[in-house]
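Heads up, there are several structures right after this.
Shared between the two complexes below is chain A, which pairs with chain B and chain C, respectively.
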Partner chain A sequence: MLPKGFEKQLNILDFSLSSLWRRKLKNISIMLVFALVIFLLGSFQMLTGALTQSADAVLRNTPEITIQKMSAGRQEAIPLSYSEKLHSIYGIRAIIPRVWGYYFDESSLANFTIMAMDTNSMPNGNKLDLTLSYGHFPKRTEPGTTVLGRSVQEILGLGTRRIFSLFRPDLSLKSFEVVGLFSDQTDLLTNDLIVMNLDDARDLFAMEPTMATDLCIYVANPTEIETIAKKIAGLLPDTRVLTKSQIQKTYQVVFSWRSGFASICLLAALIAFVILAWDKASGLSPEEKREIGILKILGWETADILAVRFWESTLVSALAFIIGCTAAYMHVAFFDATLLKPVMVGWSVIHPPFKLLPSVKLADLLLIFSFSVLPYLGATVIPAWHCSTVPPDSVIR
Partner chain B sequence: MLIELEKTTKIYNQGKPNEVTALHEVSLAVAPQTMVCLQGASGSGKSTLLAIIGCVFPPTSGRASIAGKQLSRMPDRFLTIHRRETIGFIFQQFNVLPRLSVLDNITLPLLPLGVSPQERRKRARKLMHQLAISHRENFPAGQISGGEMQRVAIARALINTQPIILADEPTAHLDTRLSMEFMKIMSDLKADGKTIIIASHDPLVSEHPAIDRIIQIKDGRIDVP
Partner chain C sequence: MRPSHILFLILLFFLILDTMLYLHATRLQEALRSDHALQAIAVSGLGLADLCVATEARYTRHPAVSDAIAPFMDHPGAIEHFPSGSFWAAPADNNVR
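For the complex of A and B:
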C-alpha cells in the first residue's frame, strides 16, 4: 500500500501523461522543435569539446618555447648559429631546430604540412611514438623515412604501398618511405601532416643546411618558461618567442570564439522558443480554460493543476533533451558534425577531412540542460500558475 | 440542518465601479435527504446561490454552514477540500472532458485524493453498472449520447460518496424520456440518503413527486409567494 501523498503524485503524473497524449499533435510538434534547438546547442558543445580535446592531445608534445626569426613582420628561416647565443641562459635543457612548411598537392588540391625535427634529441621524444597508430618517428640514421597523417595516406592513394614521391621546387622528384601513421585521436592537427628527417625536409624545400624554420626550446623547470622566454627575447631581438601556453591559448581562443559566436546565435533561437512557449502557456485556449474550471470544481487544488503542468513540461522537455543530446552525439560521432563543422574549422581553408572524437562531459550536459530545460520549465509553469487560478464557478455561470 | 444560510449576501467586484450584488441577505435551511428545486429568471442569483452551497466561494457577508462547516472565513484551499468531500456537481453542459474515456471522467475527483487505480476502477464500475453505462467504459466521453453523458456526470458527482448533489439545469439538453430517467435516478439517490438541489425551469423537474420544496429566487432574494 503506497502512502496517499505518493499515490496522489502518481495519479497526477498519470493524468499528465494522458493529457499529453490527448494533445499529441501539438505536444509532439513542440517537443520536436525543442529537440532541434537542443540538438544544435549540444552539437556545438560537443564539437567544440572534440576540437579542443584533439588540439590538447597534440599540443601536449609541443616545445615549451618556439623561436622564429622575423623580418619585415613575417617569419623567415632562422640560422642554426642563433642557438649558440642561447647557451648563456641557465635552465635551457635542449635546443632542437625544426624545419616545416607547406606542400601543395596539385592532383588533390590539398595542402600538406611538412614537419621535420630530430625527435631523438627531444626530451620525451620517445613518447611521441604514442601519437602513432603504428610505426615510429623517422630517425636521424634513416634518411627518406616519413610518418603520415591519415588523410595524407588516403589522398596519396597509398593503400598498402609504403613508397611515395614529392616534388622539389625544381620539380625533381624525391622518394620517401612510410614508417608510421598518426592515430585518429590527433586527427585535427596531424591529418595533413608529413613528418620526416631534417635533412630530407631541407632537401625538399631547398633550404640551406645551416638554416631551420624555427628553434624549439625545452626547459628544465616548467615554472621558469616565462622567465627564460623573456631572456631569449632580450638576447635575440629579431625573433618572435612563443611559449607553449600561448599556442594552446590561441587554439582555445579560436575554437571558443567560434563556438561562442555560434552559441549566441543558437541562444537567440532558444530564447525565441522560450518566449513562444511562454506565450502559448500564458494564453489558454477556451478548451483548456474549461478543463481547468471543471477540475477545480471537482475538487482539484491550484497546486494539483500546477503539478499537472509541471509534469507535462518536464516530460516534454526531458524527452526533447534526451532526443536532442543523443542526436547531437550521433551527429558529431557518426556524421562528423557535417552541419556545423564548416562554422568551427572555417570554409576558406583547403583542409583535408579529419575525424572527430566527440567529448561528452557532465558539465556540458548540465550547461545545455540549464540553458534549455530550465528556461522552458520556467516559461511554461510560471504562467500556468496564473492560468490555474481560473475561478471554478466559471463552469457554472 | 445539512445546509444553513443566514442573511447570506454575495457582492461581486466589491468596491469597484462594476460592483454587483447577486444575493441579498438570503436565509435558507435544507434538511438531509431532501430534494429542492431552485427556480428563477436568468440573472436572478440562482447560480450564485448554487456556488455558495457548493463551496465554490464564501459569501461576502452573513453565515453559510454546509455539512457542519462554516464557509465565511474559510481559505480557498479548505473550501476546495470541503467541496470535494461534500458536494457532487451535475452541470447543464454535462462538463465532461470529451477526449477522456468515460471511466477516466468518472474517476477525475478521486485523483487528487490519492485513491489507487484499482480502487478508482472498482468504484467507477459499480456506479456505471447502477447507471447502465458499463458498455461505454472505454469510450471517449465526447462520442457518447447526451443521455449517457448526463449519466457520466451523475456517476462523477457520486464517485466520492458526497452527501449533497447540486444540479444546474440538468435536463436543459435532454428530451422528455431522458429527463424522466434523470429524475428517476435523482429520486433513487434521495431514497439512498442524498440531499439534492436542482436549479431548473423544467416543469418535469419542479412538478416531480420527489421534489420536497420549490424555492423561487428573484433579484437575489428568496421570493416568498
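For the complex of A and C:
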C-alpha cells in the first residue's frame, strides 16, 4: 500500500506523461536539442578534464628547471658555455643540454618533433627502453640511429623498412636507421617524436656543436628549485627560466573553463537554447490555457497544476541531462571525442589516438545541471503559475 | 501498463547503462595506471614537458615551453591563425619577456 501523498504524485506523474505524449513531436524535439547541447558541453568538459588529469598524472617528472635563451623576444639556441657560468650556484646536481625542434615534412605536411640528448644522463634514462614496443634507444656509439613515435612511422610509410632520410636546411639528405618504435601506451606523449643522438640532431638542424636548444637543470634539493631558478635568472639575464611547477601549472590553465574560444561557443549555444526554451515554454498555447482552465473547473488546485507542469519540465530536462551526459561519456571514451577532435588538433596531420578516461566531476555535472535544467524549470513553471491563478472561466471562454 | 511504469523502465535502462559505464571507467583507470607508469619514464628520461595532442603549431604542441607571444610572431601585426589555438588558452607565465 503506497502512502497517499506518493500515490497522488504518481497519478500526477502519469497525467504529466500522458500530457507530454499528446504533444510528443514538440516535446521529443525539445528534449533532443536540449540533450545535444548538454552532450556538446559535457563532451568538452570531459575531454579537457581528462587531458588535464593525464597531464597532471604524467608530467610530474619534467625537468626541474629548463633554461632557454631569448633574443629579440624569440627563443634561440643557447651556448653550452652558459652551463659553465652555472657551476658557481650551489645545489645544482646536473646540467643536461638538449637539442630539439620541429621538422616539417613537406610531402605529408606533418610536423614532427625531433629530440636529442644524452639519455644516459637523464633521470630514468636507463629505463627508457621500457617505453618501446621493440628495439632500443640510440646509443652514443651508434650515429644515424633513431627511435620513432608510432604516427611518424605511419606517416613516413616505412612499413618494415628501417632506413629513411630527412632534409637538412640546405636540402641535402641525411639518412637514419630506425632502431626502436615507441609503444602505443606512450602515444599521448611520444606520437610525433623522432629521438636521435645529439650529434645527429645538430647535423640535421645545422647547429653549431657548441650550441643546444635548451638546458635541463636538476637540483639536489627539490625545495630549492625556486631559489636556484632565481639565481640562474640573475646570472643569465638573457634567458627564460622555467621551473617544474610552472610547467605543471600550464595544463591546469590551458583547458580551464575560462580557456578557449571553443568553450565560449558552447556556452553561447547553451544560452541560445535557454532563450529558445524560454520563448517556447513560456508562451502557453491557447490549448494549454484551456486545459488548465478545465482542470481548475474539475476541482484541481493551483498547486496540482503547478505539480503537473513541474513534472513535465523536470522529465524533459532531466531525461535530456541524463541522455546528454551519458552520450558525452561514450563519445569521449569509445569514439575518441570524434566531434571535438578536429577542432582540438586543427590542421595537424598527426592525429594521436586519445586513450583517455573521461573526467566526470560532480562539480562539472552540477554546473551543467544548473545551467540547463534549472532555467528550463523556471521557464515552464512560472508561466503555468501565472495562468493557473487567473479565473478559469476567462481562460476557457 | 501505466505511463509512469514505462518511465521507470527507461530510467532503469539508463541506470544499468550508466552502471556499466562506471564499471568501464574503473577498468579503464586500471589500464591507464600502467600506461601512466610508462609515460612517467618517458617524461623523466626525455625531459618532456607537454602532451602530444595538437602538432600543427609549436605553441599548441609545446605550450609549457613556448612563449605566450609565439602565436603572433610570424610578422608584425600577425594574428593567430591556427584552429587549435581556439581550444588552448595561453599559459600564465610570469617569465614572459
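For the reader, a short list of remarks on this structure follows.
In this text, the second predicted complex is superposed on the first by the 270 of 397 C-alpha atoms of A that agree within 3 Å, B and C clash if a C-alpha of one lies under 4 Å from a C-alpha of the other, contacts with A are read in each partner's own complex, and residues count from 1 in each chain.
Following the convention adopted for this analysis, a residue touches a chain if its C-beta (ideal position, glycine included) is under 8 Å from a C-beta of that chain, and two chains touch if they have at least 3 such contacts.
Everything numeric here is computed off the predicted structure, so don't read it as measured data.
Between chain B and chain C, more residues of chain A are touched by C.
Of the two partner chains placed around the shared chain by superposition, chain C is the only one that A:315 touches, whereas chain B remains out of contact. After overlaying the two complexes on the shared chain, residue contacts for A:291 are found with chain B alone; chain C is out of touch. In the superposition on chain A, contact of A:300 is made with chain B only, not with chain C. Of the two partner chains, chain C is the only one that A:190 touches; chain B does not reach it. Once the two complexes are overlaid on the shared chain, A:18 sits against chain B and chain C alike. Legend: residue contacts after superposition of the two complexes on their common chain; A:392 is shown touching chain B, with no touch to chain C. Of the two partner chains, chain B is the only one that A:7 touches; chain C does not reach it. Using the contact criterion defined above for the overlaid structures, shared-chain residue A:74 touches chain C, although it does not reach chain B.
Of the two partner chains placed around the shared chain by superposition, neither chain B nor chain C is touched by A:90. Common to the chain B-facing and chain C-facing surfaces of chain A are residues 14, 18. Note for the complex: chain B touches chain A at residues 47, 50-51, 54, 56-57, 76-77, 80-81, 83-85, 89, 91, 93, 95, 97, 99-100, 104, 108-117, 156, 160, 168. Here chain A touches chain B in the complex through residues 2-8, 11-12, 14-15, 18, 22, 290-291, 294-302, 304, 391-393, 395-397, going by the rule given at the top.
Within the complex, the chain C residues that touch chain A are 2-4, 6-7, 10, 14, 17-18, 21, 24-25, 28-29, 32, 34-36, 38-58, 60-67, 69, 73, 82-97.
Only residues 10, 13-14, 17-18, 21, 51, 54-55, 57-63, 66, 68, 70, 73-75, 96, 98, 102, 110-113, 115, 117, 119, 122-125, 127-128, 130-131, 149, 182-183, 185-193, 195, 214, 216, 233, 240-242, 246-247, 249-251, 253-256, 258-262, 315, 319, 322-323, 326, 329-330, 333, 343-350, 352, 355, 357-358, 360 of chain A touch chain C when the two sit together in their complex.
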